[in-house]
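Paired with chain B in one complex and with chain C in the other, chain A is shared by the two complexes that follow.
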Partner chain A sequence: MSGALARERPTTAIVIFALLLTAPFWLPYVGGYDALATRVLVFGLAAMGFNMLLGFTGVMSFGHAAYFGLGAYGAGLMLRYVTSSTMLAVVSGTLLGGLAGSLFGTLIVRRRGVYFAMVTIAFGQICYYIAYSWNSFTGGFDGLRGFSRQPIDLGFTSIDIQGNGTAFYYFVLLIFALAAAAMGLILRSPFGRTLLAIRENERRARFLGIPIERHIWMSFSISCFFTALAGALYALLNNFADPLGLHYTLSGEIVIMTVMGGMRAFWGPLIGAAVFVVLEDTISSMTVNWMSFVGIIFILVVLFFPRGLLGMLKRRDAA
Partner chain B sequence: MDRKIVGLRRRTLLTAGATLGGLQLASPFIISARGEAPVKIGMVDPLTGSLSAPAGPEVEGAKYAVAELNKAGGILGRQIQLLVEDSANDVGTGVQKTRKLIDRDKVDVIFGDVNSGIAYAMSQVTNEKKVLHIVPGGHTDPITGADCKWNVFRICNTTTMDATAVSGELIKRFGKRWFFITPDYAYGHSLQDAFVKQLKKAGGEYQGDMLPIANSDFSGTLIKAKAYKPDVLLNNMGGLAQVDCMKQFTQFGMEKEMALGGALFELEALQAVPVEAKAGWWTMEWWWNQPGVPHVAEFVAAFRKATGKTPSARHWFGVVAVHSVKLAAEKAKALDSLKMAHALEDLELPADVALQPGKVRYRAGDHELMPNIFVGNAHPAKAGANPDDMFTVAKLVPGEEAAGSVADTGCHMKYPA
Partner chain C sequence: MFQVVLYNVTNGLIIGTFYVLMALGLSLILNLSNVINFAHGNFLALGGYIAYVLSPHLGYWGALLVAPVVTAAFGFAVERLMIRRVYNRDPVYSLLLTFGLAFVMQDLMRYVWGSNGLPLGLPPALAQPLSAALFFITYYRIFMVVFVAIAITGLFAFLRYSRVGVRIRAGTLDLDTVAALGVNVGVLRSFNFALGCLLAGLSGVLAAGQIGLNPNMGDDLLMPSFIAIIVGGVGSLTGTLVGGLVIGLAAALTTAVYPAASEAVIYVIMALVLLIRPRGLMGEEGMMS
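After this line comes the complex of A and B, so read on.
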């Protein structure tokens, strides 16, 4: 096994970042807009975080919306009740979702396969019903409102991410780039290699003396932190957090984005998220049956490009 | 020798380049000349999901009004273009579609959403972008109450208005012991609170259950209600859940033991339930059968001719929303949001738009439309009558009377400096 990352050429990253950096300039010409690009980044980050677990550790979770949603509520509650600092809100959202994932992870790392996936759904639904029922604190089904992202004060100047959609896009892009770099470093480290070893052959890794459970727990926790970070950014994007952000249907969408884009490729989930979000946005303007189209496209991708869209673009001999 | 370019195959790169080039031709370019550009209205509604039943007719009503107005010369001599987007009953999607309509499509006005939570989240965006926003059919009080905004106007009644209007009739006709079946979210809570307020005033007592918004099994709750032996069972559920609840209520044979009522039981819901479940005391926010009221019969006939359907309150919301834009723009002589918002304040709808007796106006203090509330009872259509003649109006309650004063709503209207 050459390792998935060895196949990642820096040029792929350069092309992706060149496109992302210039997005606000070319998007209007292809029918896009800033909020759509920001949404792609947010879901791309969530799916890439999730892919640490699915693609690089080989463990399936159907409850990642829980951490995404907790991230959103963490950021929203912070802005609503405590402080008007956008950065603190992002940090608190990430911590809330990430720590909840880490705690919960200790309980489930011994489960495997479908059992692991089912318990993750259950935990997600617990979070969903708490947010749904706690009307006085979370706003219940109507969602948490009455907060909005605030301009970032750098001391010498302040950046207006509140009223300026393009500025907010670049703010999210910066965080996305830092997070992607961190993920890349983690996966290139010996720890990341060990995760790949577990994915490829768990029993052999165990015989080599690798503490499997601890590694899976760490991978799960890290994955939750990144997904929660995406959730916090989502709350800032909408100035709103609602229980549907915790619902298992969103977990399913994150899985779809990841698999569609290519779970063995580092940038695959971002491509998947872009395709999913843009399809949803365009087809739903044309027909109310847009979900059928997204479903059909997903089935076609799984049937004909099992390695995902990005996997399909890559050289066959690299497999 | 490995001749790959940057990890991608050369052919892939070429294909990608050609596709991108093709996309340029296929995608819509931004319009650069805007001389006789149409007046654009963006409408966000949950066309999919559990509120699709009321959302569809709202859009249909707006489309009908746009077609009619366009035939008559449009708004300020410009044609009207209605851009409809699906919020999928999800706040994130609704907000994103609102930004899409404002940022990309540069709409002049936003309509929506049936889901009050989404309508509220949308109003944050429209307020930030300073775009006139009309909420045709999202009922929770705060939209024109504690959370009211200068750019937001609402056509449908508040939950308090509906509940207050029907409470008097229910107490007078049946009694003061009530059982509530209420959806567990803001709409349900504020509706039940409004009912309880009226009930307590009359010295009544109650019990109730809060259920998930898309609940489909009501057997447990109905058994509880049976044991409580109330005078009236109030079904506050909305959309498909309300219909399911009505069906199970009749399957249990409970209609013989207690009266049934609630705030809204819309024409769409009435059409969806079996004959036995067409019963109870409710409010309609507009009703098509108003003998002797000018313009109503002509409107109903024209609407039926165009769409093949009897207009419901939701259709009327859509129609009024489009006409409000026209009235505001013509009074303000501009499409500027701020000017149009001022023009709409205390604007009285002409009789052929109001389609009901009395004066119907947007109250300046909270931007809430003040129409009549049609209180009456639902029943199966009589033999020989129109199949949609399933509701008999017993009383018209003026909106102002049911709404209370502006101070009661908690709205403090603030305009931008």
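After this line comes the complex of A and C, so read on.
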């Protein structure tokens, strides 16, 4: 399994980007719409960032919604109180979530396994708690409103991502592509290889003199930055930041997207996010009992499809 | 002023007993099976609803004793059907499984009993306040604390003196060796899971008498229970007991002084413990990895 990344064929990336680039043209024919596609990208990015930790370092966080939500609040607060620059808001959100993750990470990396997960949940809930109790600043339980994404000024021209959903989709796609490229580079670097070594055999890696805690902390921090970036984009998509976006329920959804798509595959989380977002959109429009269906999806994936969609395809390749 | 303080301390003590009961159940399952039971709060609610259904037939006292057992039986079935399939896999799967289970259970309970609160009738003798001055302390509150204390003592005695209890404790330390000595570890784990659910069901019945029933009633207890376990130290049931009492009392005392910070103080305690003593107050070295 350790060579999973190396065996990632470029065809997968080409197919994925071909589909994503043309999405606004073919989506209406299958009942989709731009905002839905943008949501897929946002959660795909969040889950891929998260998977740096779960899939490629072998460490399990169940509190990534906190950094996603902090990204959203960071961007929203910036747009509401400080600036009208969309890019600045995205950067602020990413920094807020990423730095909070790095800070908490110093305490979290002292644990392993399910206890690591438990501590990440608890730290995540701190952020949730702050967001809903600091009423005057964050809007409390009702969430943060009163901001909207602004057109991007490039000097010679400006791109209207505010009124034009398709333009916003391509804006998010561009950031997604850059982030995915960055993640790919990190994972191919010696640092990324070291993370795989830790995942495969932590004890052996420790004997080789690798500072495990520092590497896990770095992996945790990096994955928080990417997830926070996704959160910032999510705030722009909805023009709204929701305290439930910090809640551990969303953390669970990020994990299930990752596992459903295939946590050992680079693009797995994106596929999982696409399936999950589309399913949720469909189910919640059909029944009020959508929670049961989401829960059943969790259970079925765990019991019957633990390798995820891409994982199953891969195994068929190998056979 | 004295009354206000006493009121908050009583509340804190009662909430603390629920933290402890819930956290002990979670901790039992976590120690032996390495599974975080996200659905624990839903087992709590289920226990309350079962008591609600049973009490017209069995009376309050009958329901108090039978409902936790039914909850435990349900937990046993869930463990047999689903949870034991993921023991040998990456911990991510057990987390996701109980997480999905929590969703399904909560939604089904809402579907069956509605999302509005339901009351669980108490025997008249328990519903009386102690005196006019101490109107906020009902006999029920005292009964709850005493009953929980007895239940916890019983649990510790069971784990210490009964054969199964000794096996559970041994399995916490080294499950492979216990299996090698000829103990059926699969059954032991199922029983242990059911025992955890029994505690959750018991908390549910008791909580229903105080705050009534609703499908989300266990949710607010889940996070403090996690923190009680982290603070007390993983692998140690005594630690969980201490952790639950510490955060319950801390929250209560903070409520008396500055109510808004009562939840924050729990998290502060957790952060301090992780900073100063990462293995928890009574956790053993090496148990966390």
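To be clear about the criterion, the second predicted complex is superposed on the first by the 310 of 319 C-alpha atoms of A that agree within 3 Å, B and C clash if a C-alpha of one lies under 4 Å from a C-alpha of the other, contacts with A are read in each partner's own complex, and residues count from 1 in each chain.
Heads up, the rule we're going with is that contacts are C-beta pairs under 8 Å (C-beta built on N, C-alpha and C of every residue); 3 or more make two chains touch, one makes a residue touch a chain.
Because the structure is a prediction, the values reported are computed rather than measured.
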item	value
Touched partner set for A:S148, first chain B, second chain C, both or neither	first
Which of chain B and chain C A:V30 touches, first, second, both or neither	first
Touched partner set for A:T12, first chain B, second chain C, both or neither	first
First, second, both or neither for A:V114, with chain B first and chain C second	second
Chain B versus chain C as contact partner of A:L313, first or second or both or neither	first
Chain B versus chain C as contact partner of A:S133, first or second or both or neither	both
Which of chain B and chain C A:V294 touches, first, second, both or neither	second
Contact residues of chain A, present in both the chain B and the chain C interface	133, 291
Chain A residues within the chain C interface of the complex	54, 60, 62, 107-108, 110-115, 117-119, 121-122, 125-126, 129, 133, 252, 255-256, 259, 263, 289, 291-292, 294-299, 301-303, 306
In the complex, chain A residues that touch chain B	7-9, 11-12, 15, 28-36, 39, 132-133, 135, 139-143, 145, 148, 163, 165, 234, 238-240, 242, 244-245, 280-281, 284-285, 288, 290-291, 313-315, 318
Touching residues (chain side chain B, partner chain A) in the complex	4, 6-9, 12, 16, 23-24, 27-30, 47-48, 52, 83-86, 88, 90-93, 95-96, 99-100, 103-104, 116-117, 120-121, 124-125, 128, 140, 184-187, 189, 212-213
For the chain C and chain A complex, residues of the former touching the latter	30, 34-36, 38, 82, 85-86, 89-97, 99-108, 111, 223, 226-227, 229-230, 234, 260, 263-264, 267, 270-271, 274-275, 278, 288-289
